[in-house]
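Structures follow.
In the two complexes below, subunit A is the common chain; its partner is subunit B in one and subunit C in the other.
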Partner chain A sequence: MKNQPAPSKFMRWFDPRFRQMGTWAFILNRVTGLGLALYLLLHLFMLSKLVQGETAYNDFIALAKTPVIKVGEMFVIAAGIIHGLNGIRIGLTSFGIGTRYQKQMFIGLMVVSLILIAGFAYVMFLGE
Partner chain B sequence: MSQSKWNITLVVYRQKTGGHGFFQPFPMEVDPDEYVLDAIERVWAFHDRSLTFRHACHHSTCGACGMVVNGVEKLTCITTIRSVTHDGGILKVQPLRNFPVVSDLVVDMSNFYTRLEQAHFGQVAALKNADLAYEKPKYREQEANNERLVDCLECGMCISACPAALTSTSYVGPAILAAIQQTYVQTGDPDLLDCADSQDGAWRCHSAFECTAVCPSNVDPGWRIMDLRKRIVGNRVAKLFEKNKEKVAK
Partner chain C sequence: MNNISKPKAGEGTTLWLVKIILGGLVIAFLVLHFIVNHLIAPGGLLNYQAVLDYYSNPIIPIIEGLFLIVVIAHCLLGVRSVILDLNPSKRLLKILDIVFVLGGSIAVGYGIWLLVILTART
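And now, the complex of A and B:
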């Protein structure tokens, strides 16, 4: 019979159509979490290059200062802030704190996220 | 009832046992203040007698007519056509998600009912236990032990809307966890907490709160799951101290 739960349906997690704000928070947490996990792998891979010596290290630093990598780093910072602050909301509501106000908490924390991300972007791209 | 009629297209999911699912359109004239269930019944009465769907009370008491209407779980007997579409618009009706389709809009809810029974969910509770803890009591103190029917209609719409229930075949789902919470509040039976304290129980919830958003009866399953977690952790801590006490006594 069809229409039953299945792990293969996980892509539908990322479809926010007709859903409420809680789903947006759910999707954001998954996307940022997956992004951060991918970044960790990339980070470890890049660090492993350092054992190849001084030239490799200098090449890595030069690469890290290119605009493309800086934009990528900005995404990592944004993902870290969003995931962390949304995580606080989930942690609080999971123990019955502010559960009824989870929507308002989400909006408030995402506004804080935007301010922090804008602050980091200013320092990274215009602060020098 | 409004004076002007609307022309809409009711698009109904069709699937017979073993067959492939498809959508069948039924253009019709409706009163926009009629309910979605009225439009479905019109298809059955005037267009196709082989259409199957569940319904009984027509006034949001039985919970049988829960369906996905234009993408959102609705109790079709209290959802006006006006609230979900517009003149010339489409009204798409599908069976609840996460339940096997038996025929057309009818889903197999037997597993769901079995799980509710396992939670020892009662249909009646004292007023003080039937209301949500954060609500202002609507009764006088001396009436606190008077009983009423509990809010949950057992419609299954919360399970249909839950993203965790979409991908996990073993997750018990919001309605069952809400039932366990309510029964625990009434009985204080610690076995109920043990029952919910598993990866397919209260800890599977990923806090999307879609269950609360679609619940037609103010059960607030999301809040109840979080309350259940709090009680589970409290129970675990209490057990830890009991074990330590026993060790000291020995």
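And now, the complex of A and C:
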């Protein structure tokens, strides 16, 4: 069957050639999901600063305001928006809603994602 | 683009359904978390005292605790689903399931412990 995942195809996630849109949606969902899982681990670790006390937490927040960390946060926001909106499409179609319009839904949701990401980037980098 | 999400071998309908429902809950909690943390909380919780003030409202630790459980469960089910694509042996999958349950329980326990400590300091 075309477009089906298999262990031998794992590295092909990163090969941009000969892709159908469904495969792009699948790859985007997996890559953003794995990225967010990694971020969740880091976020839980970072929250330990709260237990260490006021100085530790405030020092961490000062670090979080540096440009490099902000760019990293922007990636997390972008991954969250893409994974969330693509996930809504997956959830709907899993229950048989809009299965005939998956492609249109995917394109529409990714356009919305781009707009939201641009909005967040504006607020984070230019809005202060 | 005709493929729709469905349970894969080793996942089962229940886990697949739970993953999808938890995904919807994560979005709902995330929107709530974002609105409360960054739009309602003055200054966006960017200093220690602001965090303590935020947690002094008893409903907040409950919401954050539920969010933690939902997000960790969805995350681990998602990672498990990716691993299933690599076609692991039944034995390896069993070991991974134990690791996921233990890891998830530790992460939730750690998060709840953080919430209790912070709430006690308010």
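Please note the rule applied: the second predicted complex is superposed on the first by the 115 of 128 C-alpha atoms of A that agree within 3 Å, B and C clash if a C-alpha of one lies under 4 Å from a C-alpha of the other, contacts with A are read in each partner's own complex, and residues count from 1 in each chain.
Everything that follows uses one rule, which is that contacts are C-beta pairs under 8 Å (C-beta built on N, C-alpha and C of every residue); 3 or more make two chains touch, one makes a residue touch a chain.
Everything quoted here is computed from the prediction, not taken from an experiment.
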In the overlaid three-chain picture, which partner chain does A:Leu126 touch, first (subunit B) or second (subunit C), both, or neither? neither
Based on the superposed arrangement, let me know which partner A:Val51 touches: subunit B (first), subunit C (second), both, or neither? second
When the two structures are overlaid on chain A, which partner does A:Thr99 contact: first (subunit B), second (subunit C), both, or neither? both
Determine, for the superposed model, which of the two partners subunit B and subunit C contacts more residues of subunit A. C
Is A:Val68 touching the first partner subunit B, the second partner subunit C, both, or neither of them? neither
Have a look at where A:Leu36 lands relative to subunit B and subunit C in the superposition and call it first, second, both or neither. second
In the superposed arrangement, which partner chain does A:Gly87 touch: subunit B (first), subunit C (second), both, or neither? second
If we overlay the two complexes on their shared chain A, which of subunit B and subunit C does A:Gln20 touch? Say first, second, both or neither. both
Common ground on subunit A, meaning residues reached by subunit C in one complex and by subunit B in the other: 3, 5-7, 10, 20, 22, 25-26, 90, 93-94, 99, 102-103
Tell me, which parts of subunit A touch subunit B in their complex? 1-7, 9-10, 12-13, 17-20, 22-23, 25-26, 90, 93-96, 99-100, 102-103
Subunit C touches which residues of subunit A in the complex? 3, 5-7, 10, 20-22, 25-26, 30, 33-34, 36-37, 40, 44, 47-48, 50-51, 53-54, 57-58, 61, 80, 84, 87-88, 90-91, 93-94, 99, 102-103, 106
Sites on subunit B touched by subunit A in the complex: 15, 17, 21, 70-72, 95, 97-102, 107-108, 134, 161, 163, 165-169, 171, 206-210, 212-213, 222-223, 226-227, 229-230, 233
Write out the stretch or stretches of subunit C touching subunit A in their complex. 1-6, 20, 23-24, 26-27, 30, 46-49, 51, 71-72, 75, 78-79, 82, 85-87, 107, 110-111, 114, 117-118
